[in-house]
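The two complexes that follow have chain A in common; it is paired with chain B in the first and with chain C in the second.
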Partner chain A sequence: MAIVNLKNVTYKYPLTDAPALSNINLEVKEGEFVAIIGPNGAGKSTLCYTLAGFIPHFFKGELEGKVEIAGVDLKSSALNEWVRNVGLAFQNPFNQISGAKYTVFEEIAFGLENQGVPRDEMNQRVEEALTMTGIRDLADRSPYSLSGGQQQRVALTSILVMQPKVLVLDEPTSQMDPIGTREVFGVIRQMAERGMTVVMAEHKIEWIAEFADRVVALKDGKILLQGSPSDVLTSRLLSENGFGISRYTSTAREALKHNLWPKHLHLPVTLQEAADGFGGKK
Partner chain B sequence: MHERLSFYVKRDSFLHRLNPLTKLTLAFGLIFIAFFSPWYWAPQILFLLAIIPLSFLGKVHREYFSAAFRLILPAAGFLFLMQAFFQPIGAKAIFKFWFLDITPESLMFAFTNASRIFVMVSSFTILLLTTHPSDLMSDLTRRGLPSQFAYVIISTIQIIPQMQAKAQTIIAAQRSRGLDTQGSFLKRIGALVPLVGPLVFGSLVEVEERAIAIEARGFTSTRVKTSLREIPDTSFDKILRWFLILLIIAVIAARIWL
Partner chain C sequence: MKIEIKDLHFTYPGGVEALRGISLTIEPGEQVAMVGQNGSGKTTLVKHLNGLLQPTSGSVMIGDWDTKKVAVAKLAARVGYVFQNPDEQLFSSNVGIEVAFGPRNLGFPAEKVDALTKDALALTELSDKTSTNPYDLSPTWRKMVALASIISMDSDIVIFDEPTTGQDAQSVARIAHVVAELKKRGKTVITITHDIDFCAENFERVIALSRGEVLLDGPANAVLGQEKILAQTYVDPPQLTRLGKRLGLKKTVRNQEEFLAALKK
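Let's turn to the complex of A and B:
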């Protein structure tokens, strides 16, 4: 039984004619890690806001079709109830800092305070979350004094600590260095293993290939194709539709023309796959 | 990076251990006595017998005196001069300058008012020096202050330095593209125009995102909120608050009947 259920979802922002999402059908199983890719303006953020309930409850506009998460219908649910099941972290880390707290520790506890979690449990959960995302040493700093990447980790931790059933992430690593990105993807993968459902809009294709269970490619508000990362990310449709593709894929595709890539192998997306393919040829 | 966003000085003292509401009541009690007491010397006596001892009791006397001399005293002094010159009371001038004159009555009036303001600002300074803003707000929220109200106050305090930093960034970006911000006064004023647009509109966009961010963390949840910070509220606090409230009532009564 899918925990996330989108049926024929079409959405128009207020005062616009063109739909930002049109006829989206998406099912996500519990504990699945789904990555959403697409060029700028494809509707990735809009889809994230829809899953997180801010469309239509915050942005208004016209939402058609059915959005159901954990058995609850979006239109009949209030936003402050909806966010208990679905956590959202988005791109700009600076604006995700509540502004009501003086230390990172308090910042992360903010959501738990709002939920009315008792103090002892709150302390324990914040400690655990800080350790998990590797920002234990930032606990006493002011959230405003941190770098962009550190702030993104704080924003992610602030949502993880609330233990939502579905975690929606809109480019959560955009300001992180490669090492930080890898760590954060690892943490998110770990959450999925523990049963948290993850939907993540992301550009970093090599990381998606390594960590995600399924990839959904969006273009002009429609689902262009979806499937396993190795199928979707190496599809010709991607480069034909202006998606960014992995340099390993394009190199191997070129190599294939000159018989330098083994025909029986799938085109590579990650460095490891590329190394295996080119190495095996010798 | 400089992380200090409030006046609060972290120390372990009698005042720091008091409940924030008790300290707030204390500050208001002092202000009430200074303003409404029928006794003429009340503000000066309060300064000597309450403000100074309290600053030592809170171990913030150094910070307090530095603020008192650099900020509160000049402001109160300015107020004293304005009122002494412009208050049109009393007939016999003891000092004349152009169309301004000082009479013994206006001098007394100015002295009393400046002293009252001095006590008022001082008692709040000591409150802010010994109370963390988060503690004050969580305690008031627990007692029924709407959390939206508390949020607006705390986030405003925090956002001012951020706005300043952003204004600096915008100016630097525009100067690097050739905007002239040096030169005559008028030219400098003119250079502010391209700053205002990005700063104001940028902030409006930020407000929307911040609203989403705090909503995603259940800010408008209807559950009873809890607080991470443990705020003491002893029976001594309660007795002290009742004593202060009785004192305020007594001052008002004395004002009416004496």
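Let's turn to the complex of A and C:
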């Protein structure tokens, strides 16, 4: 059964005429990892805010249609109840870090403190989360003394530790180094394997192709197409609409013109698929 | 304008040793990408070039100026620095005023300020947004305003700190165009980036930093092909470089043109 259920969702920010989201229908199954792609301004962050309940509870504006997570309807739920099911890691970690804590360890415990989790359990969960995202060695540092990518790991960890049913991530690796990015995608994949549902807005096509179950392409607040990474990420509609695609796909498409990519093969989205296709040709 | 960094060490108050003996020469007009793990010292290093940080020991020369002896305000005429986060940099009520602020502050005559502002706005495709408040723009366009407000100062050296972070494909192409145009004008461009494909496609020299030291420094193909060494600083080679290696291509390739040419052989 779908844990996330959006029906005919249209949203306008206050004082605007054009909807930021129009007529979005989206179902996400429990334990599914869905990536949201789209050019800047397509509505990716707005969709994340809606899932997290910031829309309409914080941003106000006009929300039409139905947003339901774990059987709870957004409009009839208070934000403090809603966040028990959904956690959001912000695009910019500066906006998320509380400013009230002196160390990374305390920062990550902050959400659990608010939920009244017993002290022993809290320590244990923070330790586990720090180990999982690879920032144990940062535990005693001030969140503000860290680099952008390190702060992003802290922001992600402080949500993971709350063990939300649905994890919403808005470009969670935008400031991370390349291998760090791959590692974080791996951690998120693991969480999905354990049953956490993940919705992630992201530009990094290569890792979406490797790790996500499904891709939703947004453009001008509407769903342009959705489906498996292999189908969506090789669609011509993407390039025609200003989406980024992986070098594997674009190069194979070009190679096809020079007879360097086997005609009968689907275009590649991952390194492995590209190596198989080009390798067979040689 | 030549940049000469000699045995640069820097320790933050509180004891974190961010730079541990960096020596580099960057010739006038070079296009350099700086890559490396989060916390490897990239931002700390470039903040020494415009005097925002002062060496704990060692020296940084910008042309004939020693950054220890020249005020930050004066250095700004030679070195422009675009912050990682545009929100740390923008403060004016409209884009035109924001972009004109730098050249005006350098004391250029009004006509020159005007010409430089127009040029920077055109290059960053902001000409139709001059009267907009920067904070009414999307983060993508705020980034372009940050770029424009430094380009308008016409400094010989321009530094971009992670310009493509969170940008979509069109915006990345726009930034690549800016870099190419500055190269044509003979500017030195130093860019910090985690976007290795952007780095491979737009820069001739790559410097990889690791734990406050230079791990690799050289022509892009030579550096980006070193998969094992780059992994020490959490960098993957570009997609097509990895694919080329996987296929056993003899030459290191870094873009589509090189890849297809090598494949044809």
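In this section, the second predicted complex is superposed on the first by the 282 of 282 C-alpha atoms of A that agree within 3 Å, B and C clash if a C-alpha of one lies under 4 Å from a C-alpha of the other, contacts with A are read in each partner's own complex, and residues count from 1 in each chain.
The definition used in the following text is that a residue touches a chain if its C-beta (ideal position, glycine included) is under 8 Å from a C-beta of that chain, and two chains touch if they have at least 3 such contacts.
This is a predicted model, so every value here is computed, not measured.
By the touch criterion defined above, A:R119 lies against chain B but remains apart from chain C after alignment on the C-alpha atoms of chain A. In the superposed model, A:T251 lies in contact with chain C only, and not with chain B.
In the superposition on chain A, contact of A:V83 is made with chain B only, not with chain C. When the two complexes are overlaid on their common chain A, residue A:I3 makes contact with neither chain B nor chain C. In the superposed model, A:N92 makes contact with both chain B and chain C.
In the overlay built on the shared chain, the residue A:L271 is in contact with chain C alone; chain B does not reach it. Looking at the shared chain after the overlay, A:S145 reaches both chain B and chain C.
In the superposition on chain A, A:G41 makes contact with chain C only, while chain B stays out of contact range.
Note: residues 92, 94, 145 of chain A belong to the chain B contact set and to the chain C contact set alike, using the contact criterion stated above.
On the side of chain A, the complex with chain B involves touching residues 49, 52, 54, 58, 79-80, 83-84, 87-90, 92, 94-102, 105-106, 109-119, 122-123, 126, 141-142, 144-145, 155, 158-159, 162.
Those residues of chain B that touch chain A in the shared complex are 1, 3, 5-6, 132-134, 150-151, 154-155, 158-159, 161-162, 206, 209-230.
Interface residues of chain A facing chain C in the complex, by the touch rule stated above, are 38-41, 91-92, 94, 145-150, 171, 174-182, 203, 206, 242-248, 250-251, 254-255, 258, 260, 271, 274-275, 278-279, 282. Touching chain A in their complex are the following residues of chain C: 12, 14, 16, 36-40, 43, 84-85, 138-140, 162, 165-172, 194, 196-197, 231, 233-236, 238-240, 242-243, 246-247, 256, 259-260, 263-264.
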